[in-house]
Amino acid sequence: MIVIMNPQSTEKEIEAILERLKQLGLAGHLSRGVERTVIGVVGKVFPELKDTLELLAGVDDVVPISRPFKLSCREFCPENTIVRVGNVAIGGDDLVVMAGPCAVETRQQLMDTARAVKAAGASILRGGAFKPSTSPYQFRGLGDDGLRLLAEAREETGLPVITEVMAPGDVELVARYADILQVGARNMQNFILLDEVGRTGKPVMLKRGMSATIQEWLLSAEYILAQGNRQLILCERGIRTFETYTRNTFDLSAIPVIQKLSHLPVIADPSHGTGKWYLVSPMARAAVAAGAHGLMIEVHPTPDTALKDGAQSLTFENFEKLMAAVSPVAAAVGKKMEGLARSG
Amino acid sequence: MIVIMNPQSTEKEIEAILERLKQLGLAGHLSRGVERTVIGVVGKVFPELKDTLELLAGVDDVVPISRPFKLSCREFCPENTIVRVGNVAIGGDDLVVMAGPCAVETRQQLMDTARAVKAAGASILRGGAFKPSTSPYQFRGLGDDGLRLLAEAREETGLPVITEVMAPGDVELVARYADILQVGARNMQNFILLDEVGRTGKPVMLKRGMSATIQEWLLSAEYILAQGNRQLILCERGIRTFETYTRNTFDLSAIPVIQKLSHLPVIADPSHGTGKWYLVSPMARAAVAAGAHGLMIEVHPTPDTALKDGAQSLTFENFEKLMAAVSPVAAAVGKKMEGLARSG
Amino acid sequence: MIVIMNPQSTEKEIEAILERLKQLGLAGHLSRGVERTVIGVVGKVFPELKDTLELLAGVDDVVPISRPFKLSCREFCPENTIVRVGNVAIGGDDLVVMAGPCAVETRQQLMDTARAVKAAGASILRGGAFKPSTSPYQFRGLGDDGLRLLAEAREETGLPVITEVMAPGDVELVARYADILQVGARNMQNFILLDEVGRTGKPVMLKRGMSATIQEWLLSAEYILAQGNRQLILCERGIRTFETYTRNTFDLSAIPVIQKLSHLPVIADPSHGTGKWYLVSPMARAAVAAGAHGLMIEVHPTPDTALKDGAQSLTFENFEKLMAAVSPVAAAVGKKMEGLARSG
Amino acid sequence: MIVIMNPQSTEKEIEAILERLKQLGLAGHLSRGVERTVIGVVGKVFPELKDTLELLAGVDDVVPISRPFKLSCREFCPENTIVRVGNVAIGGDDLVVMAGPCAVETRQQLMDTARAVKAAGASILRGGAFKPSTSPYQFRGLGDDGLRLLAEAREETGLPVITEVMAPGDVELVARYADILQVGARNMQNFILLDEVGRTGKPVMLKRGMSATIQEWLLSAEYILAQGNRQLILCERGIRTFETYTRNTFDLSAIPVIQKLSHLPVIADPSHGTGKWYLVSPMARAAVAAGAHGLMIEVHPTPDTALKDGAQSLTFENFEKLMAAVSPVAAAVGKKMEGLARSG
């Protein structure tokens, strides 16, 4: 941490800061520039120190220099983390595709979709049983029944299942049925929920919050890692900006940034990232080219009757086309598409 | 809801849409313009209809025309809602000031602050027992102990208490101690929590989410109102934008907007809205001039040793100055400051 | 400037940086922390140095510590700048109201408005002759004819005139007619235009750009000041965010921030800041309470037939009401409303 | 255009609107829903009509349904526009790479870079002679001398040249030297400049503004097209959001969106889009996978001594690596890399 004094600061003020640091068990290294004096803080700093120092007389700014995250850092774990779910490995050379309906609606809808996405090369089935809904008057998911249908679909197709958990009290229930617990964008800073999914030891996928910086996203990851759960996947799904043509602004740069800062696998969700079905395929290709370890895609037998997010869901046919279009791009960046091979 | 056809749409496509609407128990009114054909949907529309119609051939856009919120609407309840907590009425002519430390740290700190803010004219005591913290390595609050200290402070000063609840499982506990349950910005779309605080029937204060539009904020309010709980206060606390000088961008226009759209009381939190103590007083004045029914202000005996948000907390002396500075502005817009009168 | 080394950096890398600084005529002060080594750069740094140092091996981050602006800084000029136009002084204790139509449309429209705003207490007449228009198919202003009408209106009412200049080639022409040259939000970083208005020596009002940080705004101010023109007023008019209910997000915190950082007067434009006529009066009050030195308000004889921005323009009657509503707030924060006194 | 009445609107108000439309030479189609009455406006609407109608009594909202742009629309010109510059065709099956230094600094620097990017497969040389600079104290380009050096470099390498023009008064001069005139992000709404470059008839590349929606970008394109100049290329370069890790948020979804809405070619600039050299190559691949017709890349002999934007510039070696990495992705989406073939 570095304390930057303002140009008018006095010797007395500088001494007071050095004194204060000493009281806190820290030391201060003085560096006098032409315009400013700067104090480097040496010792075990803590996050609140910034706020504390900023209030002292003569201080202009306080700049933290240790990154606030640790367990998610590449420095902490130089090797890429690989999350394994059944035969599927996320974080390595395989491009893993998770596909399925936004919400589980009926047995028929789910089974048809599960078979279709498997045939097209997906290796994980997605489907929401508990659905966050902006309005209380909209469909909020089938709940327990949805979970049971997902388990059935897994049994029939062999595809592991990912589904969202929204409340700390539901974690145990959802963990009984799901292979991967999804924490949604709106819950990225639901810290109690993060603690809870961390404790399960089960694979977790943490979506980026709508207005979360990459640093805040990694700090939320720390909550889960700090509970001893290293089975963690990140998922970019778009951020909120002034642009309204797309539902969100799909921030693909976050993918190489995460790969530089962290050892965790990172996948991309172009369905939520764009909100429009005709943008899903080009942006899926772009995500893979940017280095994503996987994709999460919404697929529905009849998007125009979907209870949720129909506008961004692909038909079976369009999902097949997407897989065919993504495949050569995956090859171009050295990724294998296991599913496709298996189905070929 | 209005369906806007694209300029190349065919008669057959238009007929298909009218047919589809009929199947759904709705009717379509055709209106042919020079450039476009438009279909007005008549009947009881449901929110998912937009997604459904957007997918039909020939459709360019679908525009909803009923506002998606109902119970929070001024049309639903033309009179202002007044939330009463003890002797305090929020939503009427009184300017209600809630003040206290960001986090409850010690009995001494809380009691001193409670006495000081009461003396300066505050009528509600704020203080966090459960604290959301971006990093798992920071202070997360005293929990139950904090709640007990708040109850003690209420007993001593007579000030009703507002404190945050973060998890659905904690609602019952917090409701036992608090007079007003606060739902924080990060939990504005924690729908399970909204249901739960709605069920208590206790006064609730719902902070605007960091990236929530005013419409989404009112939809979250609907969750609480839909549980039969009308004791609801809204609180503007700044939104996330590209500007980094302030911690958030304090969106004061939201105050007159809410007052136009809704009957609910709306207060402002310039401490979080700006993140810098020296901006709190001018922005408190601005909020009152914009029509806020109240203010929420962070106060700490020694901000430079605060465990949380010291940089935005006021000393006792600065809080007194703020109250003195706000008072003539409140008078200028026809608001009374009960607390000040009482202490005078 | 401070160079923060990454935790894995080697001694050789550190030495290479010290060597490089020496070549550039600078010195480096080493400070070794538990986790990081930091180098404070001493000497006359230049802005590009950051980019240069960031590329060197072992460097994690480079933090500038001198503010990049100088002439606009409070440190440079501790006394508030007062811009004088005729009898009007902007930047002192008077609250200066600039009012008039968005665009000059006809002699009748302008004269009627000029008389009405003068009667209600405005002290400067605004009106656009050259209008920026998002689409080439919209009204772009009367040009020279508009300027001549403004000069006529000044002659008749005695009100000084402010009007926008959009092109470097028009600066001389506009400066012949206007008392204050306005640089619009879209031109805040039109650096050639900033140079040009700087050279005139005439009072200039620089609006904040739609996506400009406060720092960038002050840097644009530096362009004008650097030409030797100190007659500069800043104007907050809203920034672009995700919120769509209002046309822009009116960032009133910028007012006390500017007053802390700079000696320049700062006024507020609630007409553009909100985009809705019914929000103009509450937000004008809020701007004054936040400390604005003045207001810029759009007024039109018949907003519903206005060629531009009718939705945010006030009728004469509503402008009178606004002045009456603002007046007690101005008094509450120690500002005088000259115009009102004159008209009373 | 559609007028949505509020639920409390009266018959008299509805009639007044129909009457008003008649006066304006338009007709209104009435459609009465359960909750609302809606009026479809038939006839030749004009953009200001929205503002006008919004002010009438009983009106809740006015929704425009004709897109405000015409010449840039795919409907206007169903075939893709191909911009030809020498042997290079932008907008077809070739992936066109424009590369070179951010700013022209010296003959040596420019010639070396021109030769290196040509050898690596670039087909157009970029380089700034007039540079927009946030601060007046930074390097603003070599001006005329820079233009002459660019012409020299073209002569030697045969590469056509693209360079920025910042002022309407410089258009003629720059057009004498450049093959493509670049309008920078900060000037996207410098409407006088748009008119001027439109009039030259020369190829123009229009960068997206930092806070411009896709619709506003296309409206700025209309300015150029409306002058009769159809030689227009769009360039996505990132938008401003709350994320600070990257210099901008590179909005790659804009590429397929533009290709759906418009016939104009669209390229991507990952150097400005990310601001960090190590993100340029992955994001260049992503842009190509999303369907970009070309790339604009900053290359410098020694980025760590560059006078401008060194942190985002590639060395010759890294540019070669980028070309090699992009090439298989281009092939995967059916694009040819002419330059690479030529150099192969």
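Chains here go by letter, A, B, C and D, matching the order in which they are written, and residues are numbered from 1 within each.
In the analysis below, contacts are C-beta pairs under 8 Å (C-beta built on N, C-alpha and C of every residue); 3 or more make two chains touch, one makes a residue touch a chain.
Keep in mind it's a predicted model, so treat the numbers as computed, not measured.
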{"item": "Longest centre-to-centre distance from chain C, chain (CA-based)", "value": "A"}
{"item": "Between B-D and A-B, the pair with more C-beta contacts", "value": "A-B"}
{"item": "Separation of chain A from chain D, taking each centre as the mean of its C-alpha atoms, in whole Å", "value": "30"}
{"item": "Between chain B and chain A, distance of the C-alpha-averaged centres to the nearest whole Å", "value": "27"}
{"item": "Distance between the centres, which are taken as Cα means, of chain D and chain B, whole angstrom", "value": "39"}
{"item": "Residues of chain D engaged with two or more neighbouring chains", "value": "211, 240-242, 244"}
{"item": "Chain C residues within the chain D interface of the complex", "value": "47-48, 50-52, 54-56, 68-70, 132-140, 166-170, 186-187, 189-194, 209-211, 216, 219-220, 222-223, 226, 240, 277, 303-311"}
{"item": "Contacting residues of chain B [partner chain D, same complex]", "value": "2, 4, 7-8, 29, 31-36, 38, 40-44, 60-61, 63, 65-66, 75, 240-242, 244"}
{"item": "Chain B-touching residues of chain C, taken from the complex the two chains share", "value": "211, 213-215, 239, 241-246, 249-257, 260, 273-274, 278-279, 282-283, 285-291, 328-329, 331-333"}
